[in-house]
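Chain IDs A, B, C and D follow the sequence of writing; residue 1 opens each chain.
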Amino acid sequence: MAPVVLQMSCVAGLLGGAGLAIFLSRARSATAIVYSLTLAVSLLAFFGSIRSLLGGDISDLTLPIGLPWLGAHFRTDALASFFLVVVNLGGASASLYGLGYGQHEPAPHRVLPFLPAFLAGMNLVVLADDAFSYLLCWEFMSLASWALVMAHHREPGNAKAGYVYLVMASFGTLALLLAFGLLAGPAGDYGFAAIRSAQHTPYAATLVLILMLLGAGSKAGLVPLHVWLPLAHPAAPSHVSALMSGVMTKVAIYGFIRVIFDLLGQPTWWAGVVVLILGGITAVMGILYAMMETDLKRLLAYSTIENIGVIFASLGLALAFQANGLKLAAALAFTAALFHVLNHSLFKSLLFFGAGAVLTATGERDMEKLGGLIHRMPQTSFAVLVGCVAISALPPFNGFVSEWLMFQAVLQSPELPQWALKIAVPAVGALLALAAALAAACFVKAYGVTFLGRSRGTAAETAHEVDRYSLVAMFILAALCLLAGILPGLVIDALSPITTAILGGRMPIQANEPWLSIVPIAESRSSYNGLLVMVFITISASLAVFFIHRFASHALRRAPAWGCGFSDSTPAAQYSAGSFAQPIRRVFGTMLFHARDHVEMPAPGDTRPARLRIELHDLVWEGMYAPIAGAVGYSADWLNRLQFLTIRQYLSLVFATLVTLLLVLAIWS
Amino acid sequence: MQMHSLAFDVSHTLAGGLVLISFMMLYQDRLYSLLNVFAFHAVVLALSVAWQAFVQQAPHLYITAAIALVFKAIVIPVALHRIVKQLGIHRDIESAVGIGPTMLAGMALVALSMVLMLRVTAEADPLAREDLAFALSVVLLGLLVMVTRRNAVSQVVGFMSLENGLVLAATGAKGMPLVVEISVAFSILIAFIVIGIFLFRIRERFDSVDVSALDDYRGEHR
Amino acid sequence: MSAASFNPVAGVLLIPIGSAALLAALPGYRLTARLNVVASFATFLAALSLFVLERPQPGPYVLVDDLNIVFIVLNTFVGFTTSIFSAGYIAHELETGRLTPLYLRFYHAMYQTMMFGMNLAFVSNNIGLMWVAVEIATLTTVLMVGIYRTHAALEAAWKYFILGSVGIAFALFGTILVYMAARPIVGEGQDGMVWTLLIRHAAAFDPELLNVAFIFLFLGYGTKVGLAPLHAWLPDAHAEGPTPISAVLSGLLLNVALYALLRFKILLVANPSAIAPGPLMVTMGLVSLIFAAFMLYRRRDIKRLFAYSSIEHMGIIVFAFGMGGPLANFAGLLHMVMHSLTKSAIFYAVGHISQIKGTQRINRIRGLTVTHPVLGWGFVAGVVAIAGLPPLGIFMSEFLVVSSTFARQPLLAIALVFGLLLAFGALTLRLTSVAFGQPRGSTASADASYVPLFAHLALVLCAGIYLPAPLVVWFQHVARLLG
Amino acid sequence: MVVISDIIVQGVQMLLVLLLAPLLTGFVRKIKARLVRRQGASMFQPYRDLLRLLRKEVVLADNASWLFRVTPYVTFAAIWVAAALVPTFATGLPFNWTADLIAIVALLGSARFFLALAGMDVGTSFGGIGSSREVMIAALAEPAMLLIVFCMALVAGSTQLSTVANFLASSYVGLRVSLGMALIALIMVALAENARIPVDNPATHLELTMVHEAMVLEYSGRHLAMIEFGTFLKLLLYISLIACVFLPWKIALFGTGPLAYAIGAGAYIVKLAVAGFLLALFETATAKMRVFRIPQFLGAALMLGLLGTLLLFVSRSF
């Protein structure tokens, strides 16, 4: 069976599942049935796409639907297969998690029908091979996810989240629509094959790039189009948040790659500059937002923005190298991007699952009310710890590998002839390093405040470990994070068909390297071996442990914390998320968020408690979106007076129109 | 030829007369006098239609002329007089725009219609051209009346004078099928029936047919 | 009528007018409502038979060609479904006593008369006759809008009537001018108004006359299409009349006027030296679209909201036809059909909603998907469709309009997209508040059949994903016809 | 055979760093003491401290989790591995290629990550202060470090330390302004990373000025020993990093005989001594700065790094 046929039948299965869910959504067994169905189908699709990725066979399929004279084209090539792997891996893990998590869902009938539809939509976007089907599936995906965001529509703020999300989504779609309109030309040949073969003027290429940055960027969460993301992702049920953050943003990136790298042909170098700088800014801004955040799921959503920035930066690098014909370097940067796509989908899903587990166990998303969960839910906290280490780009986990590859690509910048790039690349490199370090800080905060320390509330004290489906899902993802971290060579080799197909270049075959180490360019330049690093750490750690336990004293006494003598203050006196972020807020926030700390210190003898109020401003929202909304509101009010005219005034409108047209006619000839 | 030029002159004067009377309507500020002027308007219309019937040897146009004479010149004005009396609408028309500006606007409109129509190529026969030009100006002036007058009766009058312009044009169009005149009369008839119904209902509801009384609702309350 | 031997056209025309007479005579709700449905269904069948039976030759009065056949079928179909909806709706109105049996009789008679008028407008081959037909349809709807005889309803009807009759006048003047232009070439009398002859000789007509004529026709019929700033009657007429009438107004009457416009557009395009109607239509279309989009934001009355959305969509359609070219015309036709189906479906939903909640004020309606899942989700689906989201039909047409425009006139396309986004924002804002959130208002279950609603939605959904080949061929042919 | 010898050399290096690290710290302390005219403890005091700590019992806070107890070993291991991968007396060690400079920095990062978590674990405010400031410093130090890596990579065309060392040792590299800047930047970063004056004071006992000390406040006994040891190793690591990159004098190149190794080792020890002396001198000469001056300090390092890189472009392009 041709891969595409397999994939399409999986999609059909998912859609069938959605239909099924509508009918038995109120049945008690619905959750189990639907999720096991999606799990099975996603697994099937997952292995199918792995096969077609490794097999490297291109297959396409045309259905007699969609635009009548065109039909709906679907196609799997290396790129599509890779993203199908990501999508379906996410889908499978989410379904597995959902088997357990879904039991706690208050309104299953608002989740079950849309989840399979959402998965189907994402698969279809990746499969689509003509502009119309692409946009149709893209918007269908948005619609399904919107419905999922509205699943808990009674909670305050979710309505706004859904609204902002839907409007931004449609904005993005319209941008893509314009882009495809430009690509397809007046004749309107919307097939990707036709677009690929057509010649595009620089003017058109420029417009398309901008429109794609608006369209795909708004979906992926590029600053300043990111505003919907921290609202919508947390609003959805956690496994859906995982899908939206971990997978849907990647689908957006797929769209960007497909159009800019594949359809548009040879890029221009400054396109690289634009994407690179946007990526860098997005990365830093995203993680700074996350640093300021105290809501666990929102923090994760913001960190998604950061990772998207990283990916876009690598894509920008790839564009720059490609434009200058440096195929090897381009392949390196591109591989880094794709690798990071995979990694982020893994650990971000894992972390959202963890957040979901915390949510089910405590009913609390606000970190300031959590703490000490490592004692209550040890397994969850272990899995989440792995996720935090991985997303902080620390060896030997997978996050580090992709960042490392990206830095290697950054180090290739001296090859670039253009000055703008020469200067921009190291600067952005520094930005990315900053982002990485801040990410580490951010997740120290997230993990430390949520899982470590003492419980800040009864909710956290009475928490219990979550069900085993959720745990299995989390541990599988954690294991994958580690595997991808210590055996990166395999992944890189698996990605090489894509770079070969799209850039016409590839990285050296990693399988030939000794000891499974990875070598981007040449061993003399740089190399990294996750496996050995891990082995060394284990060995030396166990050596240390061995000697300690051999020779040192084993005596251990439990005692209240010392804390320089201020021993038992209330848990409220611990460092909270806000206070943890304070140094970084002082350093960066003052400028970027107009952050102010207002301290009311009552006079001595006054019994009022002292208060510290932190004032933060989202400048993007206040500077960009609020004014737009205001302008629309103002003009709406202004025009609305037309609703309240007298008949005579309406008549005079008609009369005026008539006279104007007649005048125009009189003057025209 | 002689005949033709005569025909031309007569119809020309009549049509021009209509335009002139429309101007008079613009000038009126009393309801009754407005109605009288309108009756006169209808009479002249009837004359010109009859003349056209004679010139074009199109006897069916006499029917139109008769309709115009009977309905517009007699029945309607009388009816409107009644309504005004019954509803006790105060007699003077408050107009949105002053008389002077209105007259000027009227001038401009007439000029505009002339410009537009006289540009029409001459091989459409001059008779039709002149007629059309005047008809267009009558239509526009009628509309102007509707726009500048505040109360329902005068708006109705304006509307009817607009219809007169249409009839003028229709009859000027040589050999225009009977269907159309009937439909014209028909539509005017319908129009009046419906307006009548409305005046009635409106009277049931409010104490005046002053449109502004209707306008207090205007869709959504603020 | 040239209906000596039975032909479908005769059916399409005579069934409604006959049943109108009958309904005017017959008392009693059950009987008349059923009869109304049956008559509409018969008309629909007659219209369908136009596809199978061979078309009558274009005579001096009747014409059945590619352009109007689908209009007729669509018209009769929506007329049919609306009659089903209206049966349930009117029953409720009788219970609540908003309608008396007398007015019910009147209502049904007028309903059929209106259908007759619209069908006549579609099949007429004579521009004079077409004008008459459009006017009949308009005047009947005027009476229907006023039927509740409330302060608001009367005012709406009055507004509709005054603005409408000015439109009438303009259209007639335009028609006369067209005849004047045609007379020298086609010859006097009957022929000067027969569409088929006109179009044959259009190239030789006097351009100046045609220009003036087109402006008057555009404004005259445009008033009924509801183009801003001629739109004023439309929102109130929709909001104050009975909901079935709102559905028919949005779904059908606007199409009738649009159809007339298209006929004359073709005429003008056929004349090389006349002004190109394109720019005029594009401008008015854009103005209506953006104006209506802004107006959507401040609406408090749910029916008026969707009335404005009708204006918006009419703007899109006129824009598409103004752009011209195979893609845009195709999109325009598709959009018109989709809009009729979707908008009438939405009005069905809104009718039930406002009957259940006993109000049309948006802020008194909340959490519909909680209290009335079926109706609520139906409503959501309808709004999603009208907002142009896939996989529903309007998405395809908007896709074609925007993409084809952007390749030709980027700036126009950007203005278009701006309008679309504005309208989208307003509609979804209302949608979220009405369909979701903490429920408000009565939770009484609606005793109404949702068949028409979901039938329309199913059609729209199907069209969004798969268009049957013959329909496509037809569309493409007509698109070419429209130039 | 060769492999064996390589393994041996590698092993020697691992042990060497292990042995030298406390000594270096002790040496620095001694010098500092002498510079302020104190007798000061013996250079070998750190060894004694470690042993004493190992003998002592561990006092564990009540709600300390398993993470708290694992962290010392993890940090120690990570730092040790990192230290073992930096060429000290010889380049081309068999495992140099398992991680380049970036990876080494990242390894130190993981160590810091866990330490910061451990600081949060007990749930006292001091741990929190320490961790938050530590991560802030790290966040600022890391970009600077990357730009320094940039500089070197541009000069030596590699991020592989032994390659860099080989390159700088063997081929003649003229005196480069950019390298000088990189050196200064690296020193500043090293000061920050090792919690030395002026960024932090390793010997402080005033809570509010502590960063690193506050973080490990709750540790005692063998755990504290591990952490202390890690700190010693880290200092050694940075110094040997500076030494091998900017001062590859007499470093044994790959494949040279035992003699070369011996010389290399000797030279290495000398370098350590010199560096330690300079560090002590610097620390006595300067005062600790306020926490929120640190951003400027590290920002300067960042600027230097960037400037160095750009200058390199200039010098390359001409």
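As a convention for this text, a residue touches a chain if its C-beta (ideal position, glycine included) is under 8 Å from a C-beta of that chain, and two chains touch if they have at least 3 such contacts.
These numbers come from a predicted model, not from an experiment.
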Set of chains adjacent to subunit B and to subunit D: A
Chain pair whose interface holds the most contacting C-beta pairs: A-D
Centroid-based (C-alpha) most distant chain relative to subunit B: D
Whole-Å gap separating subunit A and subunit C, where each centre is the average of the chain's CA atoms: 44
Euclidean distance of C-alpha centroids - subunit C vs subunit D, Å: 78
Euclidean distance of C-alpha centroids - subunit A vs subunit D, Å: 35
Centroid spacing, where centroids are CA-atom means, of subunit A and subunit B in whole angstrom: 69
Multi-partner residues of subunit A (each touching 2 or more other chains): 643, 645, 647, 651, 658, 662, 665, 669
Where subunit C touches two or more other chains at once, by residue number: 158-159, 162, 166, 208, 212, 235
Residues of subunit B whose C-beta touches two or more other chains: 116, 119, 143, 146, 155, 211, 214-215, 218-220
Every chain pair in contact, whichever chains are involved: A-B, A-C, A-D, B-C
Subunit C to subunit A touching residues, read off their complex: 158-159, 162-163, 166, 170, 208, 211-212, 215-216, 218-219, 223, 229-230, 232-233, 235, 275, 280, 291, 294-295, 297-298, 325, 327, 367, 369, 384, 387, 389-391, 395-396, 399-400, 402-408, 410, 413-414, 417, 420-422, 424-425, 428-429, 432-433, 436-438, 464-467, 469, 472, 476
For the subunit D and subunit A complex, residues of the former touching the latter: 54-67, 73-74, 76-78, 80-81, 84, 95, 97-100, 102-103, 106-107, 109-110, 112-113, 116-117, 119-129, 131-133, 135-136, 138-147, 149-150, 153-154, 157-160, 163, 207, 217-218, 221-222, 225-226, 291-292, 295, 302, 305-306, 309-310, 313, 316
Interface residues, subunit C side, partner subunit B - complex: 126, 128-129, 131-132, 135, 139, 142-143, 146, 149, 151-152, 154-159, 161-162, 165-166, 168-169, 172-173, 175-177, 179-181, 183-184, 188-190, 192-193, 206, 208-209, 212, 235-236, 239, 299-301, 304
Residue ranges of subunit A in contact with subunit C within the complex: 64-69, 131-132, 135-137, 139-140, 143, 150, 153-154, 159, 162-163, 166-167, 170-171, 174, 177-178, 180-182, 184-186, 188, 190, 207, 632-633, 635-637, 639-640, 642-643, 645, 647, 650-651, 653-654, 656-658, 661-662, 665, 668-669
Contact set on subunit A toward subunit D in their complex: 371-372, 374-375, 378, 385, 389, 392-395, 400, 404, 407-408, 410-411, 414, 422-423, 426-427, 429-431, 433-434, 436-438, 440-441, 444-445, 447-449, 452-454, 515, 517, 523-529, 532-533, 536-538, 540-541, 544-545, 548, 551-553, 555-564, 566, 569, 571, 573-575, 579-584, 586-587
